[in-house]
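What follows is chain A paired twice: with chain B in the first complex and chain C in the second.
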Partner chain A sequence: MTSDFLLFLVLAVVAVASALSMLLSRNAVYSALFLVINFATIAVFFLLLGSPFLAMVQVTVYAGAIMVLFLFIIMILGTEQLRQDETLPWQRPIAIFLGVVLLVETGFIIYSLGFQQGILPDFRSFASGYASPADIGILLFNEYLLPFEITSVLLLVAIIGAIVLTKDQKS
Partner chain B sequence: MDYLLILEWIVKAVVILLFCVTGFAYLTFYERRALARMQVRIGPNRAGPSGWFQPVADGIKLIFKEELIPGQAYKPVFILAPMITVFPALVILAVIPWGAYITVFGRQIPLYLTDINVGVLYLIAIASISVYGIVLAGWSSNNKYAMMGGLRSSAQMISYELALGLALIGPILIAGTMSLMGIVEAQDPIWFIVYQPIGAIIFFVASVAEVNRAPFDMPEAEQELTAGYHAEYSGMKFALFFMAEYVKMIAISAIGATLFLGGFRGPFVDQVPILGPFYLFFKIMVLLFVLIWLRATLPRLRYDRLMAFGWKILLPLALANVFLTAVVLVLIGG
Partner chain C sequence: MPVSYYFALSAILFTIGALGVLIRRNAIVIFMSIELMLNAANLSFVAFSQLHDTLRGQVLVFFVITVAAAEVAVGLALIVTIFKTKQSINVDVLNELKQ
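Entry: the complex of A and B
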């Protein structure tokens, strides 16, 4: 327990520091890299919670696919340096306000839950094999079949949309 | 905590790393000698008995080379990029089983570092992050050729990762597990290359593209891009890129052998478990020879053809293969 707790503390510091650096960095490529570090630490959190499947999917999908595409776009457009003048001046106050609201909400939920049920359950209390690939598959195809199918249709629409948008207009 | 267990893990991890590093050094030798034979040359044969110290000589030469960092480079990323490139290549072998159990000093020791129930997903995850080093090297060099090499390689690796991932689904479906040990056990009498010939070919083609080897070595096409993403690197930093490429060759050969060629299985391996690593080593050598053979034989593809091949031929074929495998498995009740 103590070694897990120490590991968690280190990872939490890394996660928060990388998220902050991502926001504050003025170079888009560095921001993207900090986000990759953040995703990697979240993958390790999943490992700590005894769910290697989610950890691997986190790395493959977020760090491996989405962020590579982000980097690709940033590099191909050559927009590494953010401009100093802001084009959307109303964005910053709204973002700060919404961020504070989210933080307060999260804190409130954690504390109210804590008061109702005592200390939050230890992550070791999950059964071994929790969130194993087979369990997730069974859950997806039984309980959450409709949302799963809707998501796949949405993805299909997005793929077709991308193909239509990139088609040569002249031909 | 069992301290012997920790010691066992450390020993096995060090052995795997040493295997990768010496494997890299002697793979360059193997490649140069094999290429030379195919081109009716002799190849390096001066350093030591029939050239066996050539990798050592190369290593010493690279250490004494001057390290240059371009003035306009993004320095921290430029220095980190070679390390980021080598890291996934070295850790991907952690889940490959080298054999079953052997008994040493009355202690049962499994001949693999770890057997996780998501082994194949681990392979895909590590393969998917291996593109970072190359992209960052290309970008941080602040050189247009290096940049083009980095961009080409990221597009290429993303495109071929899909086919690669789909090719891995065939063995998972047949074995009914994502554990690599389970997949090897499931190939007991018949290797999966027999059940999955199309899957094996797709895996092999896609993995050649994943490691940027000829005929898919567009990211470093010498004629167009001087040397692509590592054009600005010299000395040991260049050596790290070189090492990453060759360790990745070893890794994909090991993965291919494990998933499609029966892994460490061979005659008498159940009676004499120590034979397992030798069988796997032999299979890796055969696959490596095929990679070298491809380099000696095939010219480089044009870039647009490479992308068209990946998306319009390999990906639909891989999807059809997954579909067919699933249908057949349901029909025969596997």
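Entry: the complex of A and C
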């Protein structure tokens, strides 16, 4: 049992627990804060998988920018506590059943089909590479230059869309 | 350390996110569950990328994060607009096409 594995195990427990707390918490602000914990653990997983650049992007963009935006909107609207009145009967048991079905399905695909067809090599460990930010940058600006530029257009459209949607209609 | 642990964790997180979309009625919490599913997919991408010793998966995750940021901006703007017209962000209230 290596230290990598121990770290993975502890963080996996934290990630699943924070995701479940996000799901079950009555207050939307607590949900958002639990999700921040979850994103932080995923950033550490990225570090364990040898991609420090993505780990930093995860912390700054996801845990930083996106979750602050969420908290901002929750507090603007003042909808932390929403009454959970059941309009659809049996919604919760059916949802839990479907969730279990989904988990079994993915587990089946990963563990039997994946290993049989050689998509996943059985118990091979990771390549011990280190993806430096410079390497990612070179790949991004050479081979993926067009998608990168299209992404900038997408962000511009999202900015304009957000402003247009929230603009006061009366003026 | 076997790769399959990361895929199992990713599958569990994705399922929790899908459950959140199905169970919760608060539009913002549903949105957060979608973010959780995106993150679970990202985790698989990075694990596959490291498994096959290539950087392409990581570049893809970079794009996913950018698109998620754009999606959050527009989605939260939509939620604010819905709250202005309906005075609620309970998704069960949104049951008609006309306002």
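Going forward, the second predicted complex is superposed on the first by the 121 of 171 C-alpha atoms of A that agree within 3 Å, B and C clash if a C-alpha of one lies under 4 Å from a C-alpha of the other, contacts with A are read in each partner's own complex, and residues count from 1 in each chain.
Here is the rule we go by: contacts are C-beta pairs under 8 Å (C-beta built on N, C-alpha and C of every residue); 3 or more make two chains touch, one makes a residue touch a chain.
Predicted model, so just to flag it, every value in this text is computed and none were measured.
Looking at the shared chain after the overlay, A:Ala63 reaches chain B, while chain C stays out of its contact range.
Contacts of A:Ile76 after superposition: both chain B and chain C are touched.
By the touch criterion defined above, A:Phe8 reaches chain C but does not reach chain B. Of the two partners chain B and chain C, it is C that touches the larger number of chain A residues. On chain A, the surface patch touched by chain B in one complex and by chain C in the other comprises residues 53, 57, 65, 69, 76.
On the side of chain A, the complex with chain B involves touching residues 29-30, 33, 36, 52-53, 56-57, 59-60, 63-65, 68-69, 71-72, 75-76, 132-133. The part of chain B that touches chain A in the complex is made up of residues 74, 77, 116-118, 121-122, 124-129, 131-132, 135-136, 138-139, 147, 150-151, 154-155, 157-158, 161, 178. Of all residues in chain A, only 2, 4-5, 8, 12, 15-16, 19-20, 22-23, 28, 31-32, 35, 38-39, 42, 45-46, 49-51, 53-54, 57-58, 61-62, 65-66, 69-70, 73-74, 76-77, 79, 82-85, 87-88, 91-92, 95-96, 98-99, 102-103, 106-107, 110-111, 114, 120-121, 123-127, 129, 131, 135-136, 139-140, 144, 147, 151, 154-155, 157-159, 161-163, 165-166 touch chain C in the complex they form.
Interface residues of chain C, counted against chain A in their complex, comprise 1-9, 11-20, 22-26, 28-29, 31-33, 35-36, 39, 42-43, 46-47, 49-53, 55-56, 58-59, 61-63, 65-74, 76-81, 83, 88-90, 92.
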